[in-house]
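What follows is a pair of complexes built around chain A, which joins chain B in one and chain C in the other.
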Partner chain A sequence: MKKYFTNLNFSLGFALSFVVIAMAVISFAWTPYKPNAMNARHRLEAPSISHPLGTDQYGRDTLSRVMVGAVNSIVVGLVTVAIGLSLGVLLGLISAYYGRWADESIMRFSDLLFGFPAILTAILITSILGPSAINAMLAIGIFYIPVFARLTRAVSMTLWEREFVAAARASGASEWAITIRHILPNILSPLIIQGTIQFAVAILAEAGLSYLGLGAQPPHASWGRMLNEAQTFMDISPWMAIFPGVAIALAVLGFNLLGDGLRDTLDPKMVKVR
Partner chain B sequence: MPEHTLLEVTDLVKHFPVGGGLLSKPTSWVKAVDGVSFHVAKGESFGLVGESGCGKTTLGRLVMRLLDPTAGTVKLDGKDITHLSRSALRPLRQQMQIIFQDPFSSLDPRMKVEAIVTEPLRAYDRIPRGQRREKAVALLEKVGLRAGDMDKYPHEFSGGQRQRIGIARSLCVRPKLIVADEPVSALDVSIQAQVINLLDDLRVEFGLSYVFISHDLSVVEYMCDRIAVMYLGGIVETAPADVFSVNSRHPYTRALLAAVPLPDPQGQVPPAPLDGDVPSPIDPPAGCAFHTRCPYVHERCRIERPVLAKTGERHWVACWLNAGAGFSV
Partner chain C sequence: MVRYFIKKLITLVVLLLLVSITVFSVLYVLPGDPAQIILGLNATEETLANLRAELGLDRSFWVQYLGWIGDILSGKGSWSINYDMPVYDLILSRLAVTGPLALMAMLIGIVISVPLGIYAARHQNRPGDMIVMFFTQLGLATPEFWLGILLILLFAVKLGLFSAGGFPGWSVDVWGSLKALLLPAFALGVIRASILTRLTRSSMLDVLREDYVRTARAKGLRERSVVYVHALKNALVPVLTILGLQLGQLLAGAIIIENVYYLPGLGRLVFQAIGQRDLPVVREIVLFMAAAVIIVNFLVDMAYASIDPRIRLE
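== the complex of A and B ==
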């Protein structure tokens, strides 16, 4: 564990991510105010003792909404990465193992998904399925499938050529047993690293979709949505935009650094092991 | 044949496709193994030597059924295993195991030694964890490692120790035949000797037969009862080890032997060294595959391929010189 924290990227990323996750966890038990409670007397206020991050145009407490927004962002990160991982790893394994037409069709399908501008297609998907938090997650998650499929394919293809796989075959292990026992444990670290980075990307993507009104619907708090609402009042109350913006930036930065740090610390070991 | 034959390989062929894609046919074929026959008796150590690329590793993997042959048959203990399905092959896999060349690639970096060594057991029956550990301890001690090494990962060991782990794994199911694919060529010379002696001791103790693949003649001469020399996917000469160095007949074997540095200052005069490279196995020469480099090449060698002919007790040579007026260097 010590070697992780000697890495600056990891330590910084861990600290930032920890703050975001802590905010989300605390928000379940306590927020300074009810996140959706309006208060007409305290609209568009600057930060003060009673409202540390100010209030919005309905007098809702920004700190409370940022905290609840953290939950939203984390759920989006988890769900999209879960969609991408489960289907991507499955397709990647199939692609690497069967090769030939299975590989060709899966990889061309991946190219197809990669070929579209992600945000445009996400807009397309959400406008077909209707704007909602769940559809936004689906749209982002679908784009993660080829990311994980390609990674899984690339890493497991080289693994299937290794001699320990031949040794397992010579011992009579079934292909399924080899996949579970040898292939999956060996692709775990790159998948964890990629998953952390995609988590950060998902937070940004969801903020983008929510900003466009295609993600979380009002009055549900989401950082992107908060930015969108704030933009009307930029002249009067810039605070409304600054804090959700800072939250997005720090969360994305945090999970990215965490991923980079994991890569720095996990990869050299893997090189040494090989 | 008086001795009991454990492994019998007949006219084994393996061609690998070159080029070609999803819809297009391969443009050509690499003839990695091209009609090889040999047998290994119970308890015998059979050496396969040849330059890199001559097909010896492919041959080893064909014997193990890690690759499917293009043609020919492999019989293990009298049973034809050439066309057995993967599941039908499974029970027979206990009788044959393989040791690999690269001790780094042949052990899963994410597995502990105990799991690696006992992996062959897992394919057959459910063995309680306690018994597996006992077995692993016994195996590790047999190959000169300690019981305390069981919970370590492969990267904590040296190359020689890793190779010992690989050997322990191959012994786990008490096989009759072990295909050792260059088991020492990745190791330091001093470690090589240790591992070779270990393999030799284990042969006696477990009554093993080896197919010992190597490019190192001195190792093979020391380890093996009988030696076969491969060139471009075919066996050119088989001879008992004691005959091999003094009375080998094939010009290629002589050239290989001449290339071994002898510690004897009164050693024989080496024959003419070989020129050129091994021809491509995609388009091997017609007739005798060796004719492009042979110092004694005849007209006949370019046209007709010589087959293995008996020249002495358990001594077979595929060379027209030998079949005709006799061979002298």
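== the complex of A and C ==
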């Protein structure tokens, strides 16, 4: 454990992500005010002792909403990475093992996905399926499939040529057993590193979608949507436009640094795939 | 080279074909009947059926697809339901906003990132490098639309130097139009600069370790000419390729920032068209953007292969 915390990136990233996760966890049990409780007498207030981050146009407490927004962002990160990992790793393993047409078609499929401008396609998907938090996650998660597929393929292709795999083969292990017992454990650390980084990217992407009104729907708090609402009241209450953005930037910075720190410590030689 | 070129060209064509089929079929299953949208809710079943026949919506999927592709290839394109004009003209008029915006953003990105990247590489692991790297991390974590909002807050709301959005149009006011693009281009450019700075730095570090750089130093050349004449030229090759890719992405990626600044660009057009179910517009712009990305990728591949023969042999 010590080797992780001597790494500056890791320590800083760990601290920031810890704060974000803690904020989300605490919000289940306690928030200063109910996040959706309106209060007409305290609209558009600047930060004060009773409302540390101010209030919005309905008099809702910004701190409470930022805390609940953290839950939204973390769920988005988890679900999108889960979609990308589950399907991407499977396709990547198939691609590396079977080669030929399986490899060719999986790689062309990922070229196809990469060809589509990500934001535009995500907007398209969410508006076809209807704007909601779940559809936003789907729209982002789909683009993670080729990311993890390429990574898995690149790393496991080199593994199939290593001696310990040849040895396992010689001792009569089936291809499937080799994949589970030898290939998977060895691609774990690059996957964890990439997963952390994609987690951060997902938070950023979801913020963009919900800014456009295509993510979590009101009255649910999401950081991107809060910024959208803030823009209308910017000249009266600039505070509204500050704190949700700070929350996004700190969360993304945290998970990015965590990913970099893990890369430094877990796997200094890791091949970078897109 | 010729064999490599042909192989890549075939892949390009196949990919474009697949993209066009995907775009078409995704929008084919989109809920919402275009005829209903044009005629409104009170239209009778008979007029609806007539309009569907007129628009060709009653024909099979492949007939419609081939008709669409034929129109695009022949330069005719489709017709926008909402704007009642050719989609090609719409795209061109909106490209007059998004194109300059993307170019300005790239320019701002380069001006910031190349000197910073060189500086960071020459001061590797020293405080200056660490500060630059920290700011690039911050840039990577900042949503560009939030930076856009902050810039409006500072320059429009507080200082009153810029308007908070909108676009006067090139034919009305050239200077005003440039000014309207400056803040959004800055927001996009600063964020791009984070990636480009990191890239310039790492590429510069690679090059500075090369033998020919050592030779140049051993010859007694001044450090400045070693770095800026010998090393920089080679270090910028990977940076240029990423620039190419970024430009393609920027055309599409400006959607959110165009919405922040109410710019009548390509992104805002397609965003509104999706909401209005103006399928011909959505279809053609998505195809156009995806094709731009794919073709730029192809050109970058070609440029790389002509510089580095090892790539063609793979």
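As a working rule, the second predicted complex is superposed on the first by the 267 of 274 C-alpha atoms of A that agree within 3 Å, B and C clash if a C-alpha of one lies under 4 Å from a C-alpha of the other, contacts with A are read in each partner's own complex, and residues count from 1 in each chain.
As a working rule, a contact is a pair of C-beta atoms (placed from the backbone, for glycine too) under 8 Å apart; a residue touches a chain by one contact, two chains touch by 3 or more.
Computed from a prediction, not measured in an experiment: that's the story for all the values here.
In the superposed model, A:Ala200 makes contact with chain C only, not with chain B.
When the two structures are aligned on the shared chain, A:Gly172 is found in touch with chain B, with no touch to chain C.
Greater residue coverage of chain A by touch, when chain B is weighed against chain C, goes to C. Contact with neither chain B nor chain C is seen for A:Arg41 once the two complexes are overlaid on the shared chain. Judged by the touch definition given at the top, the superposed model places A:His182 against chain B, while chain C stays out of reach. For the contact definition in use here, the chain B contact set and the chain C contact set of chain A share no residue. Chain A contributes residues 108, 111-112, 115-117, 119-121, 123-124, 127-128, 200, 204, 207-208, 211-212, 224, 227, 230-231, 234-235, 238, 241-242, 245, 248-250, 252-253, 256-257 to its touches with chain C in the complex. Interface residues of chain A, counted against chain B in their complex, comprise 100-101, 104, 162-164, 166-174, 177, 181-182, 185-186, 188, 270, 272-274. Those residues of chain B that touch chain A in the complex are listed here as 22, 61, 64, 66, 86, 89-91, 93-94, 96-98, 100-102, 104-111, 119-120, 122-124, 153-155, 166, 169, 172-173. Interface residues of chain C, counted against chain A in their complex, comprise 11, 14-15, 18-19, 22, 26, 29-31, 137-138, 140-143, 145-146, 149-150, 152-153, 157, 164, 249, 251-253, 255-256, 259-260, 267, 270-271, 274-275, 282, 286, 289-290, 293-294, 297.
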